[in-house]
Structure formats: structure tokens, C-alpha cells
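Read through the structure below, which is laid out as C-alpha cells, and then see the notes.
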């Protein structure tokens, strides 16, 4: 279980452009469930996701990941937690241009120093899971939108993460691809992966596989469903 | 992708390092092989009582650098500017340029 | 001032290292005062990021600081022909009164730099950076030494003039002079050999105990310190004689020369690396109670002890081989 | 009686010197090899040929020195540097004549001390074949005194360090 | 251990891919860098080889040369001076030298004419350097005429031509007999150009030179160590032209490199953000940046040094020749002996690779500390 306790995040503290993205948010996310953070842009969904995903540290408050406090970990160790626990899917996929799909999938694992042949095989298997085996050597620029999306998902899965975090995954997708995305999420969920999505797309938060919707506004959780 | 990029890079670097090492060995061999050549050259120098290298023959003060003095380049007129390129490459001999 | 690439490299690098240590000291003070890992404030984040830069720079330069000790001796050795009466680094170092202080400071900063690198390595393994304050305190302690070294070394090199008359190692390391060295030399060699071998033996025993049982970190560290001092005294007292195959030549620097197969370099490198890693074991012992390093430190100590033991062992082996197989026998004299 | 004894002593000394002189004239100086070290200070002699000195013993053993100073130090303290050898075993002594850098008989040479010419080991005794040369040298290089081989004692060597 | 190596290789793979992606910019950087190393290495190799050669060859130059000056200009020296100079302790021998220059209007060349100490040609014949032989197309047995001091042409038969291997010291020489030279130049019997002294002990050079100056205040003794030092200081750091060119190139490069290291494009910034988000740590990014700098600088160093070696020792520094030649028509086509050692290459390495690596530390740290959540914002 991931528990966030009373977390706030302030950007540019002490400067004129100080901005508080989150105000004392508390939230529990159950494992093996699919949770959607819903709310308009600027409501703090993305900030909350990045804090849960160990990309940044809250200004105050604490976050526990399976009882382990991760708030006060320095970046070096936060990265390790992030790498081993989470898989990220971003808006616009954020794939690295100029290198092949296969290398994109392998890239997150480079710093671990895993043996090249093993890593390559694992990445190939992940790609094949999404029928991309033939496109492995193709450069990112040459992939179709659907293929790029699947490569992005494959990259998120390279470390077999327990939790998938996706930030507005369908914003730039048409309906067909959005459905395809949710289908893949469904498969992952069936395999026991925890999924946390941030979205204001009804197609996402209205989907069958969503167990819980948390509504956010102005940096606070407003929906009663999240009451502890 | 047959080879990893790092393999290609390290291979290239290894070849370059080897060539540089080869050149160093070449230099070493050349120096060793030119010992008799130097013996002949020094013999010529000793026999002819030479004092300078025949590098810049364009002006007398650059031909015999060590025999020259500070005034030679400006002998023709006190304000004459250096007009031989080699004058811009070589300084006056240190025993003249040095303050006592 | 003598223009020599080695001198230039030493002066420039010392200057850079000093600037770096001043810069790092500034941040050290800030880190010592403001470090609060529990906070997610931007100051803390900025400090954490700064530590990446500082530890990268410090590691780069300290790595060079380790090399600079040998570069210094090598340079002193290579320019010794410029001074009347000098035949090795000793003569160059005695040219002015700044020579030996520079060498001493270099050895001190060498050891401190090595310890800092060990501490840094250990610290980066603990998820809460438990050694951060100790690490930056050590950096603050080191800074004056590094600055002093730069100043003294600068004064030394700038004051060098060719054709200064200096004394040769033959006269400095002779029994007739009235210096510490002569006290060492006056000591008969046989007892010194016993002291040397027994100190090495105790160090091995302490290291083996640490390695097997994980106990006695402080003891091993102090033994490796003692082994370092004994080795230096032994080199002057009897080891060098076997390398020179001369009954009266005690110089600890001439063995670095080509004529003796640069035998001094492996000897001193082994001696210093054994000492630094040995002392590192003791330093880490201090922090073995830190929770986040409970597993890392003993493992690291074992590794360090292994390196230290290997170094001292190889040192002893080389020395013993030289004693046994050189044509020279000390007993006749 | 006393006088006779003294005469005999003188006779022996003369004979001895004459003998060693004759020997020295016969013996050729050896060239110092790259591995030859000065037994007093440990320096490689071949690097500094301008001051080299050497002592050859009757058994053929030759010692090379990087200067007359170390040669004397050796000669005056044989028990330390060459145990088992005695002064009487010395067959020849060679030193380097200052002006033409040739190896000459050290027993008959003149030595100037206190000059501003320094050898590889610092202050030196500078050897000369001819006395006139030694005298001129003293004038040019501010030497303090001119002595012969037999005048050299540890007390003279001491201030040269 | 294998993990560590594999990690380095993975990151190197990625760095190479990143470098190749921006071929134009990095290619330009690499070529300018290589060019810079090439120029620097060429200068270093060329001057060092020349200095070393000069030191070796001129080791046999006369120990002391005594010249005579009058109103600051050279005068011939009375041969009689040599008798008094020979009396000085330490002087083994004194030998009067006869030499001078001859400007050849037809070929715009400056010859050095001299009377050799040993084995002089018989009157009426001369030995010439290979440079003159090449320029004039003159061979052994040919007859050459020069106008003497009185304007009357004198003809000489070529007895010998110097080997081209000794060009660096003999290229422009014309050797002739003493009788011919005195006749040709008009130097009286009791005068010579200068005196060459033989002195055994180098420690006496200064004393002897001083004694000579005291003996003849208008004389100027030049000691062999001074001759050698002249060539040691031949291309000092102040030696004009080349250093100016080099400084300009180096400056341009520094600006370029600085811009490259500090100016992260939006795309690069985003890329680093992505990497950090998917699991790269700050030190991994720094490692990547370190490899980026090392790959470029190491490649440039190796390429530049190898090319410089080929340039200086295989083509006889063909690119420098026009500068060194100047207006002279008698440039020797010498092949330099490659006196290079490990120390020189190490110096070059420290001069070129280390500064580049050091200047990239701070920019790469800046790049590496981009927030991982930037990609999410």
C-alpha cells in the first residue's frame, strides 16, 4: 500500500513566484487496484503522481511505500526505489529520438549494469509481447502513433514494476488508440500490477477496470471517496 | 545491430592507441638507426668547426643565430622593421637577450 | 624558478586543488550547518545536488593529489642534476628549508585524501547519507593542509635557483650527521630487522582477525599506522642497503632511480596504499554503528583490510626477496 | 741508535713511495663503467667523469669515486669501506687533472681546497699535475690552500662537507 | 565488477548514440579539436626534434669562439691574439677561423663560405653543400665562378659535394682553401674572422672567457653552452607567427567548446529529464557527460597526434616549411629524426585532454541535476 500523509509541495519557496501545488494531501492507494486521479489541469494531479513515483520529495508530509518511509531518501536512493518499483508512461510518450525502439526499451536498465545479452533478450521479449518484435530496430521517428505508444508501455515494463504510473496517457491519442491503451492496462491489471493514472478523460476514469477515482482540485483532494 | 557502439568505439580507440604506440616504436627504432648518421654529422661539425644549423638562410643574422648580436637586424636603420619571416620565428640568442 | 613541465604541473594543479578545496569548504560549512535530510525544502535539495558536484570535483582532484606525491618526488629527482652536490631528490629537497615540509605535507594530504575517498564511498552507500557531516568536516580539516601545501610548495619551487650548493643524500643519511636520520642509522640493523618483521607480523595477524571475525578495526588501523612508520625507518636503516648493495648508502630516494630499476616506486606505492586502506578501516569503525551502514561497513572494512594486507604482504615479499637474493650481505659490516 | 732507526724508517718510506710510484706509472687507469658506484656515497661515477678518481689495489680490485674528496674519505677509512684491505695494499691512485680532464697519478698531484669550483658532491679537492697550474687556479677560483696527497687528513676533509 | 564495466559500456553505448544523433555539431567539434591537437603536436614534435638534433650535433661545436667588434660591428681579428690566448690555463689550442657570406644575385641566395680546419680543398677547387648543388644544378667537376671583393670573378672547380644527410648543417656551405679565401675576400694575412678555442673542462669556460675579455676588451667570446642554449630557446613561447595563429585557433575552440558544454538544447534537456524519470541517477547522467567529453577529447587527441607525427616526420613538416623558409631559396630538405618520448606525448595529453575534461565538469553537473519530474510538468 502507498500512503501519503498530509503532504504539501511548494515550488520556488520564498520567492515572489512561490506556488503551492499541493496542500496537505493524504491518500492511500491499495496495491493491485487501479486508481485514477481526476481533475482539471493545475489541480495537482501530476505533482502528486511525481511525489508518489519518487521523482521528487514533498516539502512537508510523509509518504510510505509498503511501510517504508521514502520521503527523506536522498535522490540517489530515491532513484533506486523509482527504478525498481515504478514504471512510467508519460504524455506524448517521451521516447528518445534517434535510437531504435529496442534501445529505448533498454535505456532505463542501463545504469543497473545488467549483462547486455540478457537485457537485450528481456527487452525483445517485452517488445514481442506487444507485437513489436519486427520493429525493434526501427528508429522512434519511423514508428506509427500506436507503435510508439506500445514502445512507451514496453519501456515502462522493462523492470517488471509493481506499480505503473501514467500521466494523462490519452491526451494526444485518438479514440481507437485510447481504447487500445486501456485494454493493455486491463491486461496488466489482470497480472496483478497496480496502476495509478492521472487523467481528465472520461474514457479513462469511466473505464471498467478503474477501482477508484480520486478527484482533485486546487491541490487538494475534494472527492469524498478518498476520505480515510 | 551486429556490434555494440561501445565495441566499435573501443576497437577504434584501441587501433588508434596501437598506431600511436607503433609510431613511438618507429621513432625509437629510427633514433637508434640514426646513431651512425649522427656520428657522421658531428664529425662534419667538428671538422668544419661549425656553430649553427643551416635552417634560415635568408638573412645573415638568422643563418648564424648564435654568432649574431642584437643590433644586426636593425643595422640598416634604427627604425627598420623586421622584414624576414624567420626573424619572427626566432628570438635573439639568450646570452644577448638576458639581463646580466 | 626553474621551468620544468613537472614543476608547472605541480604548481598549477596545487593551485587548482586549493581553489577547489576553498570552494568545497564554503559548501562544507553550509552543509554542516543546514543539512537536514528529512526536509524537502529547496535549500536541502540544492545542497544535495551540490554534493554531487563537490564529490565529483573533490574525487577528481584528490585522485590527482595521490599522484602528485610521486610526481613531486620524481620531479625533485629529475632536476637534481641542476644543483651542485645533489644526486637525487634529497639534494633538491635540501636546497631550501621548504623542501621537506612540502614533502611532509604531501604525505599528510595523500593520506587524508585517501581517507576522504574511502569515507565518500561508504557514505554513498547509506540511504540517509550518515557520514555526510563527518565527510565535510574532514574536508574542512583537509583544506588548511592543502592550502599550506600549495603555499609551501610554491615558495619552494619559486625559490629554486640552479647551481645552488646543496648536500647529497650520502652526507644527510650518514652516521656522522646529527639529525633524526642519524639516530635511525645509529640503531644497529639487526634489531631493526626484528622490529620490522614483527610489526608486519602483528599487522597481518590483526588484519586476518578483522577479515575472519570482523573484530579489531581500531587495532588493525593503528598497527598499519605503526607498520608505515616502521617501514620508512626500515627503508632508511637496512632495506635500502640491499638495493644499493652498499654498506653505507642509506638514501630512501635513490631507489626511485632508473639505475635501481625504479624499485622504490612499487615499494612506496605499496606502503602508502597499505597504510591508507588500513587507516580507512579504523576510520570506518567509528561509524559502524550507523544503522544504514550496518551491512556496508563491515563488508567495506573487509575489502579494505584485504587490500591493505595484500599491499603490506607484497611489500614484505619484495623486501625479503631482495634481502635473500641480492649479492650483498650486511653481516660482514 | 735512534738516528739509525730514523734513517731506516726514511729509507723504507722512500722505498715504499718509490715503489708505489713505479707501480702507478705502470698501471693504466680504468674507465668507470655505467654500473660503477662510489663506495662512499653510492653515486654512479660514470655520470660525472670530470671529477672521477680511483684506487686500485694490488689484488686488482678497483674502486671508482665521484671526486677526490670521497677517494680520500675511503683511503683514510679503509676499515669501514673496504674491510680487510690496508693502505699498503694500494697499488695506484688516480685523480682527474682539472685543466685537461685526464686521469693522472693522485699520489704526486697537488690539491687545491676552498675554491669556488664544486664537484658533484659539493666542495672538493681539485687535483693538478703541475704546481704552477694549481697556483693559477687558486688565484682564479679563490682557493684557500694547496696541499699534497700525504697532507690530507680527516680534519681537512671535515669542513668540505 | 562485471556489473560496473557493463554499466560503463551501456552508458557509453548510449552516449555514442547521442553523439551520432547530432553528427553535424559533434563532427565539427571533433574536427576543430583534432586540428588544434594536430597544430600543437606538430609544433611540439618539430621544435623538440630540431632542438634535440641541434643539441646533439652542436655538441661538437668549438668550445669558445672569440670575435672582435668595433663600433658594435664585427671586425676581423688579429691572428697574433691567439698566442696570448693560448697561454691561458685550460686552453688546449687556438685556431683562427676564416668564413663569411656571399650573396648570389642570380639565385637570390646567401652562401656561407668558409675555410675548413681539416682537409681543405686545394687552391682553385671548392666543396659545396647539397643545397647549392641542387639549386644551381652543379655537379662534381663543374666550374663555378663568383665575383670577389674586388669585383673580379674567380672560378673554382667543384671537388666534392656534401652528402644530403648532413644538409641541416652544410646545405649552404662553400669550402675553399685559405689562400683562395684570402684572395677572394681580401682579408689580410695577419687577420682572421674569429678564433676557435679548444677547452677541455667546461667549468673553465666562464673563467677563460672572462680572462679573454680582460685581455682584449673589444673581444667578444661566445661559449659553446651559449650556442647550444640559442637553439634550445629557438622556438620559445614568444616566437611570433605560429603562436599567434595557434592562440587564435585555441581561443575560437575554447568558445566553441564552452558553448557546446553549457548550451544544452531544449531537446537535450528533455532527453536528460526522460532518462532521469525512467531510472537514471544524477551520477549516471554525469557519467554519460563524462564519456561524452572523453570520447571527443580522446579521439581528437589520438587522431591529432598521429597526424602530427606523420606530418612532421614523414612529410618533413610540409605545412611549416613555407613559414620557416621565408625568402630564402636555400631551404634544406632535411628529414628530422623523430626524437619523441613518452613524456612529450603525456604533456600533450595534459595540455589538450585534461583542460577540456575539467571545463565540462560544471556544465555536465548542471545538466545532470535537471529535475526528473520536468518531463511530467
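Residue numbering begins at 1 within each chain, and the chains themselves are lettered A, B, C, D and E in the order written.
Following the convention adopted for this analysis, a residue touches a chain if its C-beta (ideal position, glycine included) is under 8 Å from a C-beta of that chain, and two chains touch if they have at least 3 such contacts.
These numbers come from a predicted model, not from an experiment.
Undergrad: If you check the contacts of chain A and chain B, which chains show up for both?
TA: E
Undergrad: Based on CA centres, what chain would you say lies at the far end from chain E?
TA: Looking at centroid distances, A is the chain farthest away.
Undergrad: Among the chains here, which has the CA centroid at the largest distance from chain B's centroid?
TA: A
Undergrad: Nearest whole angstrom, what separates the Cα centre of chain D from the Cα centre of chain E?
TA: Taking the average C-alpha coordinate of chain D and of chain E, the gap between them is 46 Å.
Undergrad: Return the distance between the CA-based centres of chain A and chain E, expressed in whole Å.
TA: Whole-Å distance between the two chain centres: 63.
Undergrad: How many Å are there between the centre of chain A and the centre of chain C, using C-alpha atoms for each centre?
TA: The answer is 50 Å.
Undergrad: Name the residues of chain D that each touch 2 or more other chains.
TA: none
Undergrad: Quick check on chain C: which residues sit in contact with 2+ other chains?
TA: Chain C, residues with two or more chain partners: 49.
Undergrad: Please output the residue numbers of chain B that touch at least 2 other chains, ranges allowed.
TA: Answer for chain B, listing residues that touch two or more other chains: 4.
Undergrad: In the complex of these two chains, what residues of chain E are touching chain D?
TA: Residues of chain E touching chain D: 89-90, 92, 200-204, 207.
Undergrad: For the complex, which residues does chain E have touching chain A?
TA: On the chain E side, the touching residues are 2-7, 9-11, 13-14, 17-18, 20-21, 267, 270-271, 274-284, 371-373, 375-377.
Undergrad: So in the complex, the part of chain C that touches chain D is made up of which residues?
TA: My answer: residues 84-85, 87, 165-171, 244, 246-249, 251, 254, 259, 332-333.
Undergrad: Going by the contact rule set out above, which residues of chain B touch chain E in the complex?
TA: Residues 4-6, 8-9, 12-13, 16-17, 19-20, 23-24, 26-27, 30-31, 34, 37-38, 40-60, 63-67, 69, 71, 75, 84-86, 88-91, 93-95.
Undergrad: So in the complex, the part of chain E that touches chain C is made up of which residues?
TA: 282-283, 286, 343, 347, 350, 358, 361-362, 365, 368-369
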